[in-house]
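Chain nomenclature is as follows: A, B, C, D and E, assigned in order of appearance, with residue numbering initiated at 1 for each chain independently.
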């Protein structure tokens, strides 16, 4: 399995943000996307997840999963993807259990059980608490459980460790390593080292300022 | 001149956040407030600025400015205070000049001129741009101009350098040093060193969890 | 720094010896008291209702209104209690704003659904009475309308409380809203005097004494007393539930924080 | 799809859910009318169906802000793009939940409010029936407006303005069916059936259009 | 104080200012009425002042969300607490600006909309005059509701519900003055003067109450 991204381009708010970004990541590999604030890391991840349209006649064919194992057939990329963005996609008024079960139901539930997943992020015992009562770091860890409870090969992670303390960071590094060993692919945008063994890296530089439509 | 804070207590959301916090800072001194995430640093600063009520019958008398120079008379503390919070209090649709002139008009205008102030934060030339077009770091620097354009002795700074690059951080350290040399007082909450000469420090620890009204 | 976080000894002793308002009626003591009071309050309520209802049905028929006059014994106490509940909320709101007492907020919040229920009952019984008396369920006269506005105010306050997730943050805004809405109470009371209304003017609490005959007045007063005790009982119960609800919140918060702690220092887990 | 319906219903019952606001606004509109046109009971009865319909229409439209905005702000909308269930189906489920939370209470409150307006029981029954059949159309049409304005803070009024022109047919047939049941020459059934058709039509078209708008949003 | 007035006016003219939404909503309400009560021109003319008043009232109330929320979200409200100008004065200035941006356009649009409703020129004139004098009261009363709900996202409907009971007197005297100018036995001047008094009264009380609520807000 191989995620191939070939010469993609993305505009935002009428401005060119990414131009001709290409890479490929195979099963079991991770790609770390780095770059200054505002360079376009989050933009790239959202485009990969299909949450932003590509610019200039690029079609979704420019982002593809090649050499798929038989089981995956021709499922659209979106259904093989987990996206962990800045927002955690949880409702403060619902309990942790209600939140996570909802996402398991909707995203497909062949991953870890709720208890198991909470155990993996070392948060057992919170399932009946309203999500809104948790601290920033705890919220992020609950959000990581979503990745564990629905099995999907491609993980797109936008600053996944923001708000995590040191111990949770290490825990999360192990979780990612497991995902890679199981044949998954990880693309992560981050300023901080993630503790992965020899990931690929991609540095994004802000574009020169002359590529908008109204120059 | 001396800012005295004696045994203040603050509740938020029905929970005790600060109890019996006391300190005093004299003219020309800075106090750095530190503590873990969620310890209550921002809470303390908002309480000092009068933006949060004190708990348990503490009156505003528990936060006072003593030994005032003759010029300041009995002005309320709020009118002697600059507060730089997480939000920059600027309107994206107005230009930098319109934004800053507004605050100068409203907060009292005996500080630096607009050009001067922008020069001090190394942002000359942006006055006619809409504030919304600036990057995160540039926005913060414009917000710092507000402190320069209205002269007030007490500066309350909540993570003032968040979003600033190294050069701007150093520039801001000089600005703070000038304010101290002019006899001002600075109280800053921060995780990062601010580059001040020998500031006082105050560490806030999260309270034990048994002091709410509904235990 | 040495100058900081040092407690001046004199200050701390004066602070410890000063009795705090929250010690006088803290939630724990309130719960203790409520548990003991409630059986008696319910007993008195039951007795008053038994006597009141019996006397209401024993009362003679009105020469004009016939048997429908008996609706009065429900209608009038309901509307009185509807307005009384609002006055309870007003005093509780003052408690929130002036003394910042957490129980005051609980009292205000507990009174709102009760007040709304009594208002609704007053509207329904009034409508049912209005059908034979006025030939219509509803007219837009000043008394009826201002009373309907009271229902809107109650429901609006309940919506405000629901919208704010943190009860402690909702306390002061809703207290202000309660005080602002209080202006409607005198309007209800004096609407019959200020405007021409289909609704009849005051016959009990009026300058110059009641005009109602004692055959009606005595059962009415007993029913009013019964409704008052019913309100007291329900109010205590709802307040108790609200306190428990807030305790659960606090416990959940603690559990959440404890989960974080066990995480950061594994040796304490 | 069932899961999202269940979640949205559960959310509406928790703190911050705002279950009551729509009905209260409806009541407020009803109360305001006699104050302004005067307490003439016959005129009120004559206007009753129209007032109920206008109140319910405005309340439905103004509630639409809640349909997608919270999900966008907390990132849930992004996750919905990654589900196996097609987005129009999800939008349909969310719209159904939204109607159950905000539309149905309006329908249930309408008979009571009809009494305030001195309406006859036939008029009340007919109006409630048309509201039951017609309010889903408002929700499904409004969903498109809500999707278009999803990135705007404080977009409530704008959604109402955008969706209102499209909801006018709903209003027209709803009101004329209601009057048809009361006034003699006018028929009840034809407009009522048209209303039903409109609701069914938009329950299919609306989710597709709204899903398209959600996909096209930037950020 | 002048500075804040100028700033708020400038903001309303820039992108994202939403200058028109209020008037458009007003228009939407006006348009919806003939569709629902039918094209009976005499009835429309008879209801004209009432419809204009209800439309203007709802539009004003629903716009109130913009009064303080943006300032709270971007931290401007915190800075206002540190100004030498007392908070009630600032609130007064903001309310005046808000009325100029949202209330005055309603008053100016009312004569045009009156024509749609087949109103006589006397009725149009009288209604516009009462709106000119009465809408400030709605803004000043509503400011209190806006201040109370300032920490809520999507609080627009709730503000309307909270403020509406208090604005009923404004509506009553406004409408009765308007009808007083048209119908013979009823007088114009007494209710008009009462309306003026209400506006003046709340222009003093409202800012104080709103400022108090803003001070008491948490966070």
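One rule holds for everything that comes next: contacts are C-beta pairs under 8 Å (C-beta built on N, C-alpha and C of every residue); 3 or more make two chains touch, one makes a residue touch a chain.
Owing to the predicted nature of the structure, the values given are computational and were not obtained by experimental measurement.
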(message) Let me spell it out: compute each chain's centre from its C-alpha atoms, then which one is farthest from chain E's centre?
(response) A
(request) Name the chain whose C-alpha centroid is most distant from the C-alpha centroid of chain C. (result) A
(message) Counting residue numbers used by both copies over all numbers at the interface, does the chain D-chain E contact come out same (over half shared) or different (under half)?
(response) same
(message) Top contact pair of chains, counted by C-beta pairs?
(response) D-E
(request) Mind checking the centre-to-centre distance between chain C and chain D? Centres are C-alpha means, answer in whole Å. (result) 33
(request) State, to the nearest whole Å, the distance from the C-alpha centre of chain B to the C-alpha centre of chain D. (result) 47
(request) Let me have the rounded angstrom distance from the C-alpha centre of chain D over to the C-alpha centre of chain E, please. (result) 25
(request) State, to the nearest whole Å, the distance from the C-alpha centre of chain A to the C-alpha centre of chain C. (result) 51
(request) Name the residues of chain B that each touch 2 or more other chains. (result) 12-13, 53
(request) Identify all positions of chain E at which a residue touches two or more other chains, and write them in rising order. (result) 73, 158, 161, 164, 168, 216, 218-219
(request) Could you check chain C for residues that touch two or more other chains and list them? (result) 149, 152, 156, 159, 163-166, 168-169, 249, 253, 257
(message) Following the definition at the start, I'd like every touching pair of chains, please.
(response) A-B, A-C, A-D, B-C, B-E, C-D, C-E, D-E
(request) Spell out the residues on chain D that touch chain A in their complex, using ranges where they run on. (result) 3-4, 7, 10-11, 14-17, 70, 73-76, 78-85, 216, 218-219
(request) Would you pull the chain E residues touching chain C in the complex into a rising list? (result) 144-145, 148-149, 151-152, 155, 158, 161-162, 164-166, 168, 209, 212-213, 216-219
(message) Could you list, by residue number, the parts of chain A that touch chain B in their complex?
(response) 37-38, 135-137, 163
(message) With touch defined as at the start, can you tell me which chain D residues reach chain E in the complex?
(response) 18, 21-22, 24-25, 28-29, 31-33, 35-38, 47, 49-50, 53-54, 57-58, 62-63, 65-66, 69-70, 73, 153-154, 156-158, 160-161, 164, 168, 171-172, 175, 179
(request) Provide the residue numbers of chain A that touch chain D in the complex, in ascending order. (result) 12-13, 46, 49-53, 78-79, 81-83, 85-94, 98, 102-103, 105-108
